[in-house]
Amino acid sequence: MTLHIINQSPLGGSALQDCLGSFVEGDALLLIEDAVYAAASPAEHKLPQGQVFALAADAQARGVTLAQAVTGIDETAWVDLCVAHTPIVSWFR
Amino acid sequence: MAKSILALCRHAPYGNALAREGLEAILACAAMDQVPSVLFSGDGVYQLLEQDPVAINEKSLRRNLQALPMFGIEHIHVCRKSADARGIAADTLQLAGAEIVLLADTGPFIRGFDQVLSF
Amino acid sequence: MQFTLVVYGAPHSSEGAATALRFARAALATGHSIYRVFFYADGVHNGSALAAPPQDEQDLLGQWQSLQQSHALDLTVCIAAAQRRGLLSESEANRLEKPSANLADGFTLAGLGQLAEAAAVSDRLISFGG
Amino acid sequence: MTLHIINQSPLGGSALQDCLGSFVEGDALLLIEDAVYAAASPAEHKLPQGQVFALAADAQARGVTLAQAVTGIDETAWVDLCVAHTPIVSWFR
Amino acid sequence: MAKSILALCRHAPYGNALAREGLEAILACAAMDQVPSVLFSGDGVYQLLEQDPVAINEKSLRRNLQALPMFGIEHIHVCRKSADARGIAADTLQLAGAEIVLLADTGPFIRGFDQVLSF
Amino acid sequence: MQFTLVVYGAPHSSEGAATALRFARAALATGHSIYRVFFYADGVHNGSALAAPPQDEQDLLGQWQSLQQSHALDLTVCIAAAQRRGLLSESEANRLEKPSANLADGFTLAGLGQLAEAAAVSDRLISFGG
């Protein structure tokens, strides 16, 4: 099952929308860098239910409060996610 | 006569350098007595949120923002549509020493300037 | 009319620098003048003396330098943006105790005040995104 | 009257949408670089009526056929547009 | 056993270097006998259009694309939704020596690979 | 598990390089190994010996070099992407007749084959966008 990683803000570019078009149930979604803005309102951005993560450090840096449906993780948990998933797809710029 | 200058800030902080380098350019203009007007639009409105970037080893860009009033920039213009689209309530936007001016229509505002610096 | 061009894009990374060159040539060819080209953000890499694109790709550095020589163009690179990105003149390299310098001939390092001044006095300012 | 210059593809980023939100009747719109993809179907991208230009070289490079509502121009005409308008606003990345 | 590799190409040609450098990486992988599968998605589908970049002093990226079959890449996968959204008719997409495979759903396809290179 | 990291972002331009460093440290701290860090596109600027960020900004070059030394990290910079962008080793500078070199200690220039090989043999490949 795929781990999708997005680093672009939800309205600033197409990365999130492109990713959601390739998301399959059972995949995991990780929001990093500017993508954490989507983690404040997952329903509005049509994020999948469950298996949605965000880097806590990136959210904290930007003053973003994670919605309950999004699991905040640190870098170690990110490594674990990578171990548990294959392939890992980055959606950027 | 010197031209009037608008700085248009459209990018979120930290993800790339444009937000930081935009604020640095604005402060430099102001320090040179070419005080620009400033408009935050699009993802640029995210620059106005509270920030705590210690965990990503960055300096807070809010600091640079807070310096604007000291350089004579006392009005911070914000595109209301951009804030609304990002779920940012207008009354949560605050900057000590500055007045937040929400613009319902940025087009006529932009037209009033001679030069626009985009960041 | 006097133009100032602000270039945000690094050559061979985004198209902005090449587009700025096309605009600059057209402006000069139609009798306008260019007050300054200000290289900011990733645009500072336009001033690298070390860029070595493949033979069959365009030589943007050579194009800037040739315009600079034929029209005494003011090619100013933001010194703060350049330091962060590793673009240094001889004197900056010495001052910062770095092992070498890589600022190309024809380009000058200067502060952001040069952008403010150019915006204030030019008839038109146009930005080329990165 | 403002000259708006956009260099980003219509679906790849927010530059075009952001610009259209600041467009006033009488302004001019110039599509360059990846933004010329919008010039193939101006109605779909909600481009304004009239005063819409595209750099012909950039469109030709990308195999984009300009719709009739879009005026293809060369770099010299671009300079003229800049002379005729103020301010000039670039919407990028 | 060597991993299966997918190259995911999401960016338009010329505006930035990712399209060109993506194709170069794909050719390099293929030359090393690590032949990747290739998927054009998002703005990446624009890479498949005819191109004539002489006027902007660039080499045609179609050339690099046309080299793919010679390196053993005989199927070019294209996200159908992306092509549709950009008004690109599927039957206009052609590449000599290669078969254009339109994917209605890219997600399960991506899942089939060990590694994904994004460009 | 063996990871390969592909870095597309230049330091101080986009956040990708800093994020890659955070990931690399976490992976190494939890007992995984890093087969290779491959710097591609604008990511090649991570290997610049001349970057001089302000004192109060993080020193990404120093962080890469320190990880390299403590874990014998393979930091490979794509030679073709580097040449276009003006990042040269001493021998490349000589060969291309350029006035100086700027590749930092700890980084190696190599071809795209090193990316293909790393993708083929690593357990996981993860890309950090620019």
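When the chains are written out, they are named A, B, C, D, E and F in that same order, and each has its own residue count from 1.
One rule holds for everything that comes next: contacts are C-beta pairs under 8 Å (C-beta built on N, C-alpha and C of every residue); 3 or more make two chains touch, one makes a residue touch a chain.
The structure presented is a predicted model; accordingly, all values stated were derived computationally and were not measured.
Participant: Please identify each chain that touches chain B as well as chain D.
Facilitator: Where chain B and chain D share a partner, that partner set is A, C.
Participant: Could you tell me which chains are in contact with chain D and with chain E alike?
Facilitator: Of all the chains present, those in contact with both chain D and chain E are A, C.
Participant: Specify, for the interface formed by the sequence copies chain C and chain F, whether it is same or different in terms of residue numbers shared by both sides, with half as the dividing line.
Facilitator: Here the answer is same, because the shared fraction of interface numbers exceeds one half.
Participant: From the centre of chain A, which other chain's Cα mean sits the farthest off?
Facilitator: The chain farthest from chain A, judged by C-alpha centres, is C.
Participant: With respect to inter-chain C-beta contacts, which pair, E-F or B-F, contains the greater number?
Facilitator: Between E-F and B-F, the larger count of C-beta pairs in contact belongs to E-F.
Participant: Using C-alpha centroids, which chain lies at the maximum separation from chain D?
Facilitator: F
Participant: Hey, how far is the Cα centre of chain A from the one of chain D, in Å?
Facilitator: Going by mean C-alpha positions, chain A sits 33 Å from chain D.
Participant: Counting in whole Å, what is the centre-to-centre distance of chain C and chain F, each centre being its mean C-alpha position?
Facilitator: 26
Participant: Among the residues of chain F, which are close enough to touch at least two other chains?
Facilitator: Each of 8, 12-13, 15, 22, 41-42, 57, 80, 84, 124-125, 127, 129 in chain F touches at least two other chains.
Participant: Which parts of chain A, given as residue numbers and ranges, touch two or more other chains?
Facilitator: 7-8, 11-12, 14, 33-34, 57, 86-88, 90-93
Participant: Which residues of chain B are in contact with two or more other chains?
Facilitator: 11, 14-18, 42-43, 56, 58, 115-116, 118
Participant: So which chains actually touch one another? I want all the pairs, not just one.
Facilitator: A-B, A-D, A-E, A-F, B-C, B-D, B-F, C-D, C-E, C-F, D-E, E-F
Participant: For chain E, which residues are in contact with chain D within the complex?
Facilitator: 11-15, 42-43, 46, 49-56, 58, 85-87
Participant: Once bound in the complex, which stretches of chain C touch chain F?
Facilitator: Per the stated touch rule, the residues are 10-13, 41-42, 45, 48-54, 57, 80, 83-88, 92-93, 96, 98-102.
Participant: Show which residues of chain D lie in contact with chain B when the two form their complex.
Facilitator: Those in contact with chain B are residues 1-2, 14, 18, 21-24, 27, 86-93.
Participant: Of all residues in chain A, which touch chain D in the complex?
Facilitator: Listed in rising order, the residues of chain A that touch chain D are 11-14.
Participant: What residues on chain C touch chain B, complex-wise?
Facilitator: 6, 8, 40-42, 80-81, 84, 111-113, 115-117, 119-122, 124-125, 127, 129
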